[in-house]
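Right, I'll just put the structure down here and ask away after.
Chains: A, B, C, D and E, in written order; residue numbering restarts at 1 for each.
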Amino acid sequence: MARYMKGISKKRGLKPGSLVHVGKKTGKSSKISIMDYKGDKFEEKNLKNIEECFAYKNSDSITWINIDGLEDMSLYEKFGREFGIHPLIMEDILNTNQRPKIEEFDEYIYVVLKMIYYSKNIPVVEQVSLICMKNMVITFQEQELKGDVFDNLRNRIRTPGNRIRSANTDYLAYAIIDSIVDNYFVALEEFEDRIENFEEKLLKNPTNEVFTEIYNMKREMIFIRKSVWPFREVINVLQRGESKFISGETSVYFKDVYDHTIQVIDSIELFRDIIEGMLDTYLSSVSNKMNEVMKFLTIFSTIFIPLSFLVGVYGMNFDNMPELKIHYAYQILWGVMILIAGGMLVYFKKKKWL
Amino acid sequence: MARYMKGISKKRGLKPGSLVHVGKKTGKSSKISIMDYKGDKFEEKNLKNIEECFAYKNSDSITWINIDGLEDMSLYEKFGREFGIHPLIMEDILNTNQRPKIEEFDEYIYVVLKMIYYSKNIPVVEQVSLICMKNMVITFQEQELKGDVFDNLRNRIRTPGNRIRSANTDYLAYAIIDSIVDNYFVALEEFEDRIENFEEKLLKNPTNEVFTEIYNMKREMIFIRKSVWPFREVINVLQRGESKFISGETSVYFKDVYDHTIQVIDSIELFRDIIEGMLDTYLSSVSNKMNEVMKFLTIFSTIFIPLSFLVGVYGMNFDNMPELKIHYAYQILWGVMILIAGGMLVYFKKKKWL
Amino acid sequence: MARYMKGISKKRGLKPGSLVHVGKKTGKSSKISIMDYKGDKFEEKNLKNIEECFAYKNSDSITWINIDGLEDMSLYEKFGREFGIHPLIMEDILNTNQRPKIEEFDEYIYVVLKMIYYSKNIPVVEQVSLICMKNMVITFQEQELKGDVFDNLRNRIRTPGNRIRSANTDYLAYAIIDSIVDNYFVALEEFEDRIENFEEKLLKNPTNEVFTEIYNMKREMIFIRKSVWPFREVINVLQRGESKFISGETSVYFKDVYDHTIQVIDSIELFRDIIEGMLDTYLSSVSNKMNEVMKFLTIFSTIFIPLSFLVGVYGMNFDNMPELKIHYAYQILWGVMILIAGGMLVYFKKKKWL
Amino acid sequence: MARYMKGISKKRGLKPGSLVHVGKKTGKSSKISIMDYKGDKFEEKNLKNIEECFAYKNSDSITWINIDGLEDMSLYEKFGREFGIHPLIMEDILNTNQRPKIEEFDEYIYVVLKMIYYSKNIPVVEQVSLICMKNMVITFQEQELKGDVFDNLRNRIRTPGNRIRSANTDYLAYAIIDSIVDNYFVALEEFEDRIENFEEKLLKNPTNEVFTEIYNMKREMIFIRKSVWPFREVINVLQRGESKFISGETSVYFKDVYDHTIQVIDSIELFRDIIEGMLDTYLSSVSNKMNEVMKFLTIFSTIFIPLSFLVGVYGMNFDNMPELKIHYAYQILWGVMILIAGGMLVYFKKKKWL
Amino acid sequence: MARYMKGISKKRGLKPGSLVHVGKKTGKSSKISIMDYKGDKFEEKNLKNIEECFAYKNSDSITWINIDGLEDMSLYEKFGREFGIHPLIMEDILNTNQRPKIEEFDEYIYVVLKMIYYSKNIPVVEQVSLICMKNMVITFQEQELKGDVFDNLRNRIRTPGNRIRSANTDYLAYAIIDSIVDNYFVALEEFEDRIENFEEKLLKNPTNEVFTEIYNMKREMIFIRKSVWPFREVINVLQRGESKFISGETSVYFKDVYDHTIQVIDSIELFRDIIEGMLDTYLSSVSNKMNEVMKFLTIFSTIFIPLSFLVGVYGMNFDNMPELKIHYAYQILWGVMILIAGGMLVYFKKKKWL
């Protein structure tokens, strides 16, 4: 499991608004890509440096700038200065330990989101920041991802005549956020698959690995829950349509995203309940299995105890032990011992101990 | 247990309002039935295609259209276009993973409900969507059910002079929702029967199956609870009578439905408490039974231990062991051993260990 | 424990306001009694049929009609029609699975209450409905009870000059509700007696019956809690004095009842905590007792194990075993064995295992 | 532990405002003491009967009347009549099962408080009622206590020139309530001492008494919590300064008391968490100790088992057992057995079982 | 773990506003340091007595006075009188058992904060009080700390041209509070390091010390949580910008601190969940390890039981035991016994008991 708060303390004592990257270092440089469109007009390219995108600032088309990678401080300093972003917001963009939140300013609206996906069966949470201006949406991701959650959305923008081509930035912001929330369902379905496969194992063979697995799943859910829960409040602000950046028409779409977020939270709570139940089942199976073994062994031993006593008796060296002289005494004793063992088995069976 | 969120991810990246069926595939085509009435006027028939019902759109009688089956996309596209339903609502109707919710538009009110019934001892949750317009109520079910929860209601509509014949669509919507809530009681009573039968088994013979059964019941309650809990808020909106589609007179009836929903939730919480208690009882019984067995076996063994020691003593081969020469020593030893065993039994009895 | 929701499903699909008795069948006919008073005027009698009480409808004295038994449908139909009670309210009166609630209409106020008493150590919850009109209070009980909670109240009404003789129906309604709440304290004191007696048993002898008893008490508290909890909200409505049927003067008295209800709820929560603690104590005692037994037996066996080994050694048949020839070897061995056993006892004692 | 609700049921069916003492009987008569002061004027005496204090009713000095003992009904009847206290309030004063609460009337403000102190290591909760009028504060205690929580306060009043001498009754009421809250800290510190002493015992020697002690402490905290929790709301009302009896200046002081009350509640919650943790520790230690014992004994037995088998082998009476003839076979066998035992010890040690 | 409420009871019965130090005694005298600045003007010095700082009271530069040590009563009396601080506030400054809180007066705003740092692996909570006036900020610490959380802040003030040099006291107050909150992250990261290191130990070797460690960590988190939780409400008041001491511009910065506080609380909750999970893991490992040992030993014993019985059989002394005469009987018996032992091993392996 990834560390929850690695590196936050680096910022201790710095003046507010200091630009410091807080998060995993990748060493890669930032990648800037741009989509600019309005009705039939459409342009898509990768930029080499941040200055190239300043030209789009006052165009009347819709521009979506996506920046992957948060480690190039000079890029972010230039960007913040040019677009007039509050220093505290610039600081938040680079600090990947943010909670999902929304803040509205005169010129733009700032949203922090968490993207969740499974990479090699481990849940990864990446921070996505989004700034929505009058004619521009800028998104910031921690790193470039293959099979990006935005691929479908990009294709829709590329398609001439698609509704999104004629809509404003609020609709674009909605589409981006919706892509992220839709991706939660993908992650949760993968999680549900895992639970399902796992449940069989649980009942058949409750090994120690099973416990570790349940324990990990429990912790993953705690982890994911922390990322999604405050998101609900963020979307709630957007769907109430109080922001001047969100038109009434688009707020209906945010209402839809809000419903989806609630569904995601519901599912997480359900999975937590199910995992809790699996833990109970595991503990009960382990103890049942142990009990079964101990009971078998104890019963097995118990049957031999009176027999061993009897053979001990006839191993004694008293001068006068009449049974020893009887001719078939030895054979009779075997018979008696088989009877005793059989009787005990029947008794245990009747008592339902076997 | 049915999967909780199978197939939601299919919709990832589609544009909002895309019509996709999310749920179990049945392969059956949709069945459209219609009831049209006003006072003495009454007509009931099954439609072959969705176009037939467009005629009722502007009639001044009350029309109830019921559509079973959510897999015929072209039907729903035509329907949505003709009746002017918002694309997001059409999308919601076809997505059976909705939470119960209510949304009001200018021309209609949209309600998502969950129907619960037991099929072969497994609880099934089906989604019912309801659109209430000025002179029309349209309901959407996932599949046609025999012994439908609406049978009684249909009979009331068929009966000339019944109050419902002279009421508006809000009363019809109430009657439909009331039928669904009444059915919750049926499902919960079946559940209570199961608990009652089960409790006897629990105390008599706490096998492993008992645990699995408790575990399943617990999970079913979690499942049902998730479906009913948000329903409360839906009915609360309806009973407040703030909607222009709900007359003050009808809102009294919705208040009644609200009381019933609270009662359902109360019962679910009670059953959860009871199941939790049964789990405690199970664990306690299992451990008691195990303890009883182990105690018996241990006491049994313990009694033989000093006896085996004694017979071992007289099996020794020392040259000088005076007891061996005594004539009735063997017989005396038997007496002593019986005394020891008896004494131990009395001691254990006195200590209440037996 | 009584069933929680037996028979509610009988009502499935009936039209709202259908009069159906939902509850335990007793087969007895309803008993109607009446008290009519104003200052010095006082009349008390049992009525043979419901029509007799219609005469009091427009009198200017205060009338309290009490009806025991909810199974005579024709009685209730006549009653509802004559007094203009809303059909849904009539339905609620006959359905004994109601939650405590309050509803206000133009002509009357309707309150559902739960009466709790212990009958043969089992808590019984009976529903009492109360309709308070301008000059009449009508109460409905499930069955006639001996040692009724209202006996003291009736005596006060019978006493000339008692404050209640000159008060209005709101005060009478208060007095009736107060009697019911006072009775909760009686039931809870009986419950506390039971806990107290029980606690001694718990510490002395934690048998299986003790567990069942705790389990039952826990369930009873869940049961009682469900009945009392919503009652708080009912009284809260009454004490706020917003109803036109409750004068400001009387609302002070309802505030007092409200305080009592909170106290009842506090006690229930306390008892739940105590029962939870008793369960922990029980489980701890059982496991302690078991441990004590197992430890004793294991130590007992352990002491004999090296002794049995020794006697086994001297039972061997090697040709050359010098000890066997020593004259007092046998006696010496006994000494050694006694020393070993004693040493082990001392060791175990020192380790505090005994 | 004292009973929680002994005697409340005595009041069943009595008319509201009936004066009945509900609480522990002491048989002592009530003790009335009075302090009357204003600036330099100061008078302090014990009264023989309640009538004596009526004289202070219309004086313009500040009077504090303290009555210890709630069992003299005639005293309270006279008092209530003379000072115009509402019958329900008089009833509440005498019922020591009240929750902390505050009620405001035109002529006075009524506060119920709980005083907590430890007497012989058992927490005692005593009810204190306080009536604050324009120029009088009357307090009611269940019994006279030595080392009263009010001693310091009385000394401050006795000191000429103390701020309290020139303040109004609201400040006196504040001072009284503050004394009671300060005393909570004393009780909680005693409790913390007990926890601290106890913790050592817990880790060293987890006997059965330890469990009983934890169990008692848990219950005491539940008990104290019930008394303090509603107190918070009472003080909140006072600190908001909405009452006409509380001047703005004094409400600052009540804000201080409010902070203290929150601190008391925080401490109680902390202690509950700590006690919960001690219970976990206890259960874990008991099980650890038991495990240690059983493991030792089992290992001990296990080592002898193969040895006993071996000596059994050479105790057999077969005609042809070559080893028996070997001259030092017996001595060799001892060597082998010592090797086996040693080997097993090493193995168990390596496996960290010892 | 430090005591939670040592010494509060010392104040019992004192008049409100009495200056008493409540906390750990250090015996050191107080240390007063001062920073006075405005734009380019900057002065920093340590004061010998409190009177020296009175001069700064009416200057038009920004002054930050920091006082370490709360035990010099005369200093505080002089200070309170000179600056007109309310006696209750002076009392609060000296009482180190305060909860974080904020109080606003006409002339100043008073904030109580808790500083958390780890000293030798034990969390220490120190109280910091802050008074913010128009041109002065005064902070009070319990003792002088090396590596003070304010060092970075002091350096920023010392740097000419730093933003803080031209800002008002509200910004200085923000900077101080921000330093304290930033330090929480440092403490929590240390805590997370500890959890991480610890987790390895937990899975490898669940000793008794592991339990004590988990138990301590749990308690530390309870402890820290109590200190941070109410802090949230304090910052919330500041960020709402309702105070006249906080300008709108600065309230944006307090919003940032608020977000950090929420993050701190989130982390604490997460750590609590993780610790709870580690406790479960510990208990499960302990029981698994114990089970493994017991199972091994029991199986080991069980295998010897039938063998010991057999050798017992041929140790009997019957006259007629034909097997004894067979020449290779002894060797055959060894074969049989090896077969039995092997068979049992195979059986246990197949049953997955080994």
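Keep this in mind: a residue touches a chain if its C-beta (ideal position, glycine included) is under 8 Å from a C-beta of that chain, and two chains touch if they have at least 3 such contacts.
The chain lineup, named per UniProt: A, B, C, D, E = Magnesium transport protein CorA.
Note that the structure is predicted; figures quoted are calculated from it, not measured.
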- [ ] Please find the path from chain A to chain C through touching chains that uses the fewest steps, and give that number.
- [x] 2
- [ ] Compare the two sides of the chain A and chain E interface and say whether they are made mostly of the same residue numbers, over half shared, or of different ones.
- [x] different
Open item on the list: As a quick test, compute the distance in whole Å between the mean CA positions of chain B and chain E.
Closed with: 44
Task: Length of the line joining the C-alpha centres of chain D and chain E, rounded to whole Å - done: 27
Task: Multi-partner residues of chain C (each touching 2 or more other chains) - done: 294, 298, 301, 308, 312, 315-317, 321
Task: Chains in cyclic order, anchored at chain D, direction fixed by chain E - done: D, E, A, B, C
TODO: Using the touch rule from the top, collect the residues of chain B that touch chain C in their complex.
DONE: 149, 151-153, 156, 162-164, 178-179, 182-183, 185-186, 188-189, 192, 196, 252-253, 255-256, 259, 262-263, 266-267, 270, 273-274, 277, 280-281, 284, 287-288, 291, 294-295, 298-299, 301-302, 305-306, 308-309, 312-313, 315-321, 351-353
Task: chain D - residues contacting chain C, complex - done: 3-6, 8-9, 11-16, 86, 88, 92, 97-99, 101, 103, 205, 208, 211, 215, 218-219, 222-223, 226, 279, 283, 286, 290, 293-294, 297-298, 300-301, 304, 307-308, 311-312, 314-317, 321, 323-325, 327-330, 333
